[in-house]
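In order of appearance the chains are A, B, C and D, and numbering begins at 1 in each one.
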């Protein structure tokens, strides 16, 4: 967005709405060996699909709590709101995520690569 | 009143109510517990005759959540024409909660059920006893006064009842099923109010992610993936559990810790706001894995995030079935 | 058979893909001029793509969106070389429709196409890190190929369109859209929150650069709107809910109570004479008064009266038989709600003037003789409170000297305010200065500016003549602060940046040329109709160049300043554009919906009902299936494919076409670590 | 003298002697459970145990068994076979019932058209050093399956616990050879041998659970549709505990785990159980064993009817694990008792 630069070590998977993001996607990505997962959706109230992000927010709140319970560092999985017009914000958040994950180091807890 | 006497009273209550329901043809069968064939167990039983009522018992080893027998996946309680029987179900608090939650999720019709409410006085943690006794065979377990008496070969040991309760029972605030008009008989709770500070979780919560990871790993890594925890759980009624799904095969089924971990993590995810805290999963685990920590945490998440306790109100929607603009979102990342 | 006929036959040939055969993926990596090729090596990307599983062919071209580029893809499809298409280029927002059409025309199901966005997601955002950009582009291609291998053909679904349009906002933009659509024969519901249409333009006196009278050109249009049979004018009303989707929106409109029966009121105005309550008149920005029972201004449409209940003391005088002959007063009126079905929606909610109170250094709100540009407009207006003989507020004397300050609240990167240029202030200040000089040729008029932007037709000439023929002093410089001198005069301290020297100037009146802002409730409107706003707060267009009146929500258009600051001609042009876009959609009578809706796997569904509760659109219900018992069932006409149901389903019993579990699984497994 | 004596404090020596050439498995306590684990420190070996919770079949037939890994390079497919198949194993402390289960397992894996070479290989390389059960549990019923707590035929070397020492007897050639290698073992005295015989008798008497399995296959065969199956499955919750922890159950599932875009993957064998509803689910959606009724029936019929039919012996070793561990206390002993009470149908009815 607006060609604002952000770190090149993220890969984007397109989904229609943050509501589509099943916890499977997140866990599978970690199992696959990705060092971190980011889910980005529209701000509450601005959901293109009215309330998909609110449904998702509850799901993510629970998932985040459980990841925490199971001893996964909270910064491995990040949830954020960022609208289509907030290129700056998106870039800043991605920079922050990258910084956080670099601090954590490689994701070694999930050894499976299958 | 000492535990021993409470048990006698509860047993009497069950038998009286069961006899009455069968006699008055309010129900076709009674689902309850009878004495197990080996120590540290009880045996679920289905009776349909008044003369069998005295087989029904209550002790502190009635750990199976009988609500499980009513979910559609286990369709045995039918008459010859394949119609559902009207069932009277002996219900401690967590069975009542499970029934109510199952009705919220459209799995059972409460109209077909009579909840025989009893004031549960706690379930003994079998694992703790086994740990205590070690490699010696137990022949008999009984409750005397406020103590558990264990007898075996060259063995007689007295253990304080309260210390050997399931952790979930220690914090349980719904000992009798929540009352529903025309469905409940016996002892039920009117409009239960749950107030819980989850102080038992404080110690665990204060651990670092690394410590938690080690703790949970140590807890789960003996899992043999027999899925007894899932099968005994009244809330696990899916046709096809996520772990068994193909197209695609999301998660591995091996005993590698990643796969074990993933199964338990996602099962916990699916239990959030739904677990009724009966502890049956821990009681039945052949490897002795105690899932109470996860179950308590699920209750905590539901309560603290969404002010919801499962299986209390048949009209209330569990957190994952609803959404709210005003939910907390402190976990969402913000710019610095 | 002639060659042409043969050619035609070839084009007609349909490539049958069931989804079960081996995928043959064609990967087309676009240079996009230098946008992509300038950062990463496209030939290397092509070489890489060739190594990916099931890739039959990979090619490079300068612009695959061009005719030649499209034909390259078409030929590969038609020759049977490929049955899946991946174009690695720009955002699918940009060219997904283009390439889908390519597939369709070549006889391949259009949903067997996947776009890898290596421009917006790689070469643009990692421009300074070409190596990283190359790795990212490789992965994005790999992930797209992985998804493409799992693509299944889908059928588009068409839905009929209600030939009616809801227009929110009755200013000059909304009115023009309404008139155009109504003339074309579409039903229009024009909703305006104030008691009259006309909007801000009604407050203006003359319009630059032609100096024609705003009211003279606006009022006839207002009357046209009121008279048009196809337009249902809903003034003093607000849209409170919008449901549905393109072609089939349902809007709930609240008609606020006027407390005066609008049918019965004859607009005679006797009540106003009797009303004992005097309050500030919004229309004149508090520079004049009105009664508690009022019409906003004499030419208001409809010219019926409204009681302002916030100020009414319910004395009952206006309800007296001798005051209101038609007996139109209704103190107990309640809001009315009506539901309308429309196929399209145009948002023309306009703007708010920047409030300069926060800029303490300019004294607005503290010194009586500091006013904003819109107040100046009312002072100059012949229909204004002073009948077009402007005086200054402190002593109601005509000022001898006036200073204007430009860019108040605009182009401001430091002290709050807005970063954008409001586009109209240079011209309106010039116009106002000129108007004042016309009336008081001997007055001293100064305009403090950063630079004058006179970009429109006739604007530069207008500006030139203001200096040359009217003697208006343009001073390049920003004002540091103002203070109040004796007799409420304003002392300005500034720097003349052309002369590079500080200056002090005493004037009788100081006008702040405030910029335009998105309406304070734009956020609520955005939520209501589910469109997005850009970071400046204005509604966001689907594409800044190519789809300036569309929003990202199909069937919803934007017109006028709601989209961004613009002058009257631009607003009207955009309004007509929005009307035309809406009409284009409605003229087709039906619209193709992307078939990306939810599907239930009945063997997995256990009927817990979670999805039913999660679905905003009410698209899911539990049914009793003959074979599977109680299961969820999707109403595809209502489903928008957001996937909230699918994300929560414990049984994975709901999938979303276009974003199936298998496809996303492949993407996750596809990326290189 | 054929019989030797191993002092309990010599077990460390035994381990040290053998660990060079063998993977040494013995009972250890992992968390709260006794299991057969690969020993790295001989101090970990637990000798005061009834039996392991997870049967030692796990060593032959691991719950997760990677059959091979593969990679595709263009048109070439590289297959990497499992390693470590030729490693030699010793299972020390295996109980007679579990040793007998190895016979049952190998019946399945090595007979007939399809032979499982991986498992046959492992079995070939495994030596069983068993210990008799001086104090059987109340749930043990090996004597009802023609076995006994001191049954030594299925072992390579058989030990009897004589409190501070073990009486060591080589049974198979493999076992005898091994004993020869352990030249430091001292000879047993007559008193030791007599004491062992005494203990054997006592142990056999200590088995209190007696179930009548004499005619069970004949009763089961014609009663496939008997209403007793509804009765005995009513409280089954359908978990797989009974079969996962059964030393004789051999069902497995084969799963291919692929990394779709990397052209590599592996084939994994995991335990499966006939108690899972998915076990028999057809692609069509039809499931011939759709409820616990059919599934419980299958388990009983398999062990007590089909297995005897196929291999001439009961498919159960009487270890009692399923009795102890069933979460719903659906006691196999009670089920057999009920089956035995089924009135034998008359001949002519059976033939219909």
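Everything below uses one rule, namely that a residue touches a chain if its C-beta (ideal position, glycine included) is under 8 Å from a C-beta of that chain, and two chains touch if they have at least 3 such contacts.
Quick caveat: nothing in here was measured; it's all calculated off a predicted structure.
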*Go through B-D and B-C and name the pair with more C-beta contacts between its chains.*
B-D
*Which chain's mean C-alpha position is nearest the mean C-alpha position of the whole protein set?*
A
*Find the chain most remote from chain D, comparing centres computed as mean CA coordinates.*
C
_Rounded Å distance between chain B and chain D, as computed from the means of their C-alpha atoms_ = 32
_Taking the mean of the CA coordinates per chain, how far is chain A from chain D in Å?_
47
*Cα centroid separation between chain B and chain C, in whole Å?*
54
*Euclidean distance of C-alpha centroids - chain A vs chain B, Å*: 34
*Residues within chain D bordering two or more other chains*: 257, 259
*Multi-chain contacts in chain B: which residues touch at least two other chains?*
240, 242, 250, 252, 256, 320, 322-323
*Two or more other chains in contact with one residue: find those residues in chain A.*
23-24, 28, 45, 51, 55, 59, 114
*Spell out the residues on chain B that touch chain A in their complex, using ranges where they run on.*
209-217, 242, 250-252, 256-259, 261-262, 264-266, 268-269, 272-273, 293-294, 297, 301, 305-306, 319-320, 322-325, 327-329, 331-336
*Can you list the chain A residues touching chain C in their complex?*
1, 3-17, 19-25, 28-29, 32-34, 42, 45-52, 55-56, 59, 83-86, 88, 91
*Tell me, which parts of chain B touch chain C in their complex?*
72, 105-107, 237-240, 242, 245, 247-248, 250, 270, 317, 320-323
_Which stretch or stretches of chain D touch chain B in the complex?_
30-34, 46, 48-50, 53-54, 63-64, 135, 137-139, 230, 233-235, 237-241, 244-245, 253, 255, 257, 268, 270-271, 273, 276-278, 291-293, 323-325, 327-331, 333-334
*Can you name the residues of chain C that touch chain A in the complex?*
92, 117, 120-122, 124-129, 131-133, 135-136, 139-140, 143, 523, 526-527, 530, 532-535, 540, 552-553, 596, 614, 616-617, 640-644, 646-649, 652, 656, 658-659, 661, 664-665, 667-669, 671, 673
